[in-house]
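Presented sequentially are two complexes of subunit A, the first with subunit B as partner and the second with subunit C.
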Partner chain A sequence: MFNLLTLSWRNVWRQRGRSLLTAGAVGLAVFFALVYQGLIGAVENGMYNTLAQAVGHLQVRVAGYRDKRELRDLLIPGAEAVKAKLQQAQPQAEIVVSLEVPALLSGESRSRGVLLVGQEQPPKFAQNFRAQFLQAGQMPTSNTQGIALGAALARALQVKLGDAVYAYAPNTQGSGAAAYKVVALLHFPDPAAEGRAAYLSLAAAQALAAPGGATRLELHLPITRYSQDSLVSALRPALAIALGPGLSVETWREVNPSLAQVLALLQPLVLVMMLIFFVLAGLMVVNTVYLGLLERTREFGVITALGAGPAKVTWMVLLESLLLCLSGAVGGGLLGVGLVTILSKGFTYPGLDKIGGTFGIPQVLYPSLSVWAVLGTLLFAVLTGLLAAWWPARVAAQMEPVEAMRFNA
Partner chain B sequence: MKGKILLLLLGLSLSSAASDPQAVLKAIVDNQRGGGSVRATLNLSVARTDRQTQYVLDIVSDGNERALIQVKAPPREAGQAFLRDGDNILIYNPTLKRVLRLPPSGRSDSFLGSDLSYSDLSGRDLQRDYTPKITAEDANNLTLELTPQPSAPTPYGKVTIQAKVKGYVPLEVTFFDQRSQAVKKVTFAQYAEVNGHSFPVQTTVEDLLHSGNRTTLVYSDYKFGVSIPSGCFDQRALVAGC
Partner chain C sequence: MPSRNLVEVKVNAVLQVKNLTKIYKVDSVETPALRGVNLEVGQGEFAALAGPSGSGKTTLLNLIGGLDHPTSGQVWLGQQRIDGLSKAQLANLRLWNLGFVFQAYNLIPVLSALENAAFVLELRGESPAERQAKARAALETLGMGEFADRRPNQLSGGQQQRVAVARALAAKPKIILADEPTANLDSKTGIALIEHMRALNREQGMTFLFSSHDPRLLEHVDRVVYLEDGRVQGVV
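What follows is the complex of A and B.
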């Protein structure tokens, strides 16, 4: 075996230029595959975290809420008690309480129909929200009549920071109408979201439309990687039983199915791209191994005449191909892991916020690679080596020694 | 002989009016609106599966595009007022002490949580925004199918109206969404003869997508053909009444 390995290694580098080119092609395929997986993983985790931050990993609402139109039908009965049950069931989770009120919002001369959102967030979430979306001013606090508006909505209403806006929410159980001071302007990557964003404190929204009421409870679990998402689906049935009938518990996937579909497409896309990379590299390996076989036909004849059987000849050709692919894969792998390590500190590029904002892709991406991703890519390289050399190896194994020794290229 | 010719001409003229869908639609809307200006009290009853809310409204309308509606009861909602002047709908809220302008996109929103939209309150949207076609007619009743005009600000894909052939008295209006699913049905009852029109004193609006959601409007103390000053349809009237 040791002799065969030495012989194969020597044979690989007989045509140094051609072998370097082929090993380089395999290395490039491994490099691209690793960097691509790192980037896709970053997009996947970024989208997942943005989505989960916006809607929670799990969301509790009134059962059949999609068919209900009136605010009073959408209110969660005993919202405080439900929140306590959730906290008891998942002590490590953070809970966001929201009250969404359909209302007419008016400036001095213009008005728009909006969904006023009153929110009570844990400090960490409020800080994240400010860091991501606050353009100017301060977010409203529970003891002020302040309102935060999307910058586009503020433009549409022709109001600026410090101006008054008036909310009219008829047929509700609160005051039904109130005046607020614009205390913050928000910027969202999605212009449509910015055009309808209006945030109050939970207390102000409750005073307007539903004292003590909430329409949505979000459960935020300490999960930051998409690969851990199976925990969310597993938790859902137990929570639904704990909360009892009349309430629905939905995962972020059910709340936002279109973005969940985009996320689900990313992994198959990685596989398709890797297949393309390695098929192209494999064609180069076939070419190199077969040319090497043609050039050494007489040599194979001599080896066979000296007693090497078909299995040994096949194994020698396969080993040459494997050594060729692995030397490229190690080089490409080192470069790929190196680049992903550098990029893992965070990177962005111009326009990412505009392109990716609609899909919840964050402005800064943090690529990363798991050990399994690296091992999987190397396995792809090994399989490429084996498959590419299979046919030339069969040809070599079936050669007649006499004919092979008489062969003239 | 002369008499026969006159009768024939009269018959021809009536049949041509009856086959003109636009004229039929106008006659139906005239009946629905009472044919002119009106002052009335309107009892609005909003029924849901688990509750019922009663409103008392004062209405002043010129029978066309202008109407002032003031909420008198319940006390919690009293003082609110709504003014429609053509495409403009203004809302007065006594808590805010302000007049708010309803944007065009809000015209199909629910009025006071009922099954009526702001657009349903007055005006002649059916005449203005739709193209009518008579799809069925027998000795007693006829059916008009209304297709929205391309630029019409309506969420509906189709509207059908059933009316009596005699006098074009409205019986039922059904609204369909863009997928031709019936979403709202309006039925008329208790007709009063006013100024040559059969005015439906009671109107019931049924939400066909949410079983049990129903709004009933009953007019009382109505006076048709009264003179209404134009000051009743400006912003001062929203606050001070008319």
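What follows is the complex of A and C.
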């Protein structure tokens, strides 16, 4: 035995071509929305992790460091103790200690001014660093005089792996000059960064310029998703209090505000795109539902005459619109989730590294969808169905049965 | 002659119409379709409205059926006055008290004969089992049991109209209103349909009021009310 649901379902498919086209439009909107969200989510997480890897989730430096130029003003007093405090506050975090020394770096025939980075890399961080940037050789260890250079910098200095380079860092508390062996070449997506990169072990940098010194402590938390970032901001005030007024604690956002802004724009962009998709599909739904109503004016007149009140007639029209949208949404949803599942194993396209590099987008994206993203998109489709049916439903509810039955389509 | 101002409501009357007028107004042209009609239909009656085309039969049936509002006068369904009810109230009244058979059958094309016969019961929210049983019984009463699963476009005009009568019958209304139910049928099929309705009237006591201008059909009727130019001309 039928009910209003089956009746609406049969009515929807009476004009099969038109309904398929319209359901297809809704399906396409759902499909695009899902794939888009999947990709944007991957871009977001990718950018987030690249940024966090580069500067840490949280960064400790001396207060007012942006206005200070001299190395001695930038040194964190009691760096070892500060590091211990951080580690105690966040035992599961990795702490990267860096000493940045402005220096002149020379090969046999050429020189460049660089910011030497002496870095003590904890295991996970080191592994990520190698995976992302190491092009050739081995990263310097603490008991060698090795240096890792950006490949572009090495070219500029006309040196290669195994060659010697000389660093001059005058007016410091260390030796002020040292020779290093090029042990690694690094590749960075951003060419400008590659032209400046020069990494030593922390011990080597300290010997050169500041025994026991450090200019920067990075806190790397075990967070890989942008959606979990609120934890980072929540952590900051407590750390700032624990470390006292002489030090500044900044999140990655404050360290790199422009990229943080780009990152914050991605979600609203998705929303705007989704709105556009669904408004377009919704207009088609309005058209289809309204045409169906016009063609069946007599029938609506009969149904009203037999005793269906305005509420029931409204419901019948809404139901048709919802069924149309949902059948499209289920189709588009399956395809969208399917495609994202396939792409989730890793996805790239030619040129992504070039465009993406400057924004810190990794070269391989791993799109994924949360259950909420899927449900939210389906909700969009349902809302589209309801809104699209609003006006036709009003028209149907206001029909006069006598006039409607006299109507000939 | 009863006084015009005196309103009496008869207890055994299913339907009473008092001094009913209807003036259609189209682009400030007024067409008086009914000019003071009085009519009564008793419980279990099999009554017909007759009269030439344009005499006001459809208008009168529409007003009785709560499908339109009169210009003046009263319509009583049992003890309830229905002219002046709101749209939603009228819909509810039609759903629970009135049966309709239209000239153009007006079955729902995507529903089978059985489902069409059950349609009003579905609107009333009855359970599937209940609907099924009542609709099947009504179809069988009209000799349409074997066509239960056919869609309207697989039925002849006479068969469709019998399904339409079954749709009205299954809901057991107080009265079934039928506006020229045989006008689209050939005369043999038309007479067969009227005989079916007559049998329902005799066997189940169902009250009918229908309109027709075919004199041969009117032979089967208890009482014929003749309309002319919006007035009752006589009752036979």
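We adopt the following convention: the second predicted complex is superposed on the first by the 407 of 409 C-alpha atoms of A that agree within 3 Å, B and C clash if a C-alpha of one lies under 4 Å from a C-alpha of the other, contacts with A are read in each partner's own complex, and residues count from 1 in each chain.
The criterion applied here is as follows: a contact is a pair of C-beta atoms (placed from the backbone, for glycine too) under 8 Å apart; a residue touches a chain by one contact, two chains touch by 3 or more.
None of the values given here were measured: they were computed from a predicted structure.
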(request) Identify whether subunit B and subunit C fit side by side or clash on subunit A in the overlaid structures. (result) fit
(message) Looking at A:312 after the superposition, I want to know if it touches subunit B, subunit C, both of them or none. Which is it: first, second, both, neither?
(response) second
(request) Report the partner of subunit A that touches more of its residues: subunit B or subunit C. (result) C
(request) Please indicate which partner A:405 is in contact with in the superposed arrangement: first for subunit B, second for subunit C, both, or neither. (result) second
(request) Could you tell me the angle at the CA centre of subunit A between the CA centres of subunit B and subunit C, given to the nearest 10 degrees? (result) 140
(request) Return first, second, both or neither, reflecting whether A:14 touches subunit B, subunit C, both chains, or no partner chain. (result) second
(message) With both complexes superposed on chain A, which partner does A:386 reach: first (subunit B), second (subunit C), both or neither?
(response) neither
(message) In the superposition on the shared chain, how near does any CA atom of subunit B get to one of subunit C? Answer in angstrom.
(response) 75
(request) Would you mind listing the overlap between the subunit B footprint and the subunit C footprint on subunit A? (result) none
(request) Over in the complex, which subunit A residues touch subunit C? Could you list them? (result) 1-4, 7, 10-11, 14, 298-299, 302-312, 400-402, 405
(message) Going by the contact rule set out above, which residues of subunit B touch subunit A in the complex?
(response) 48, 77, 80, 91, 93, 95-96, 98, 100-103, 105-106, 109-110, 112-113, 209-210
(request) Spell out the residues on subunit A that touch subunit B in their complex, using ranges where they run on. (result) 67, 69-70, 104, 106, 109-113, 166, 168, 170-171, 175-179
(request) Spell out the residues on subunit C that touch subunit A in their complex, using ranges where they run on. (result) 62, 65, 67-68, 87-88, 91-96, 98, 100, 102, 104, 106, 108-111, 114-115, 118-120, 122-124, 128, 131-132, 167
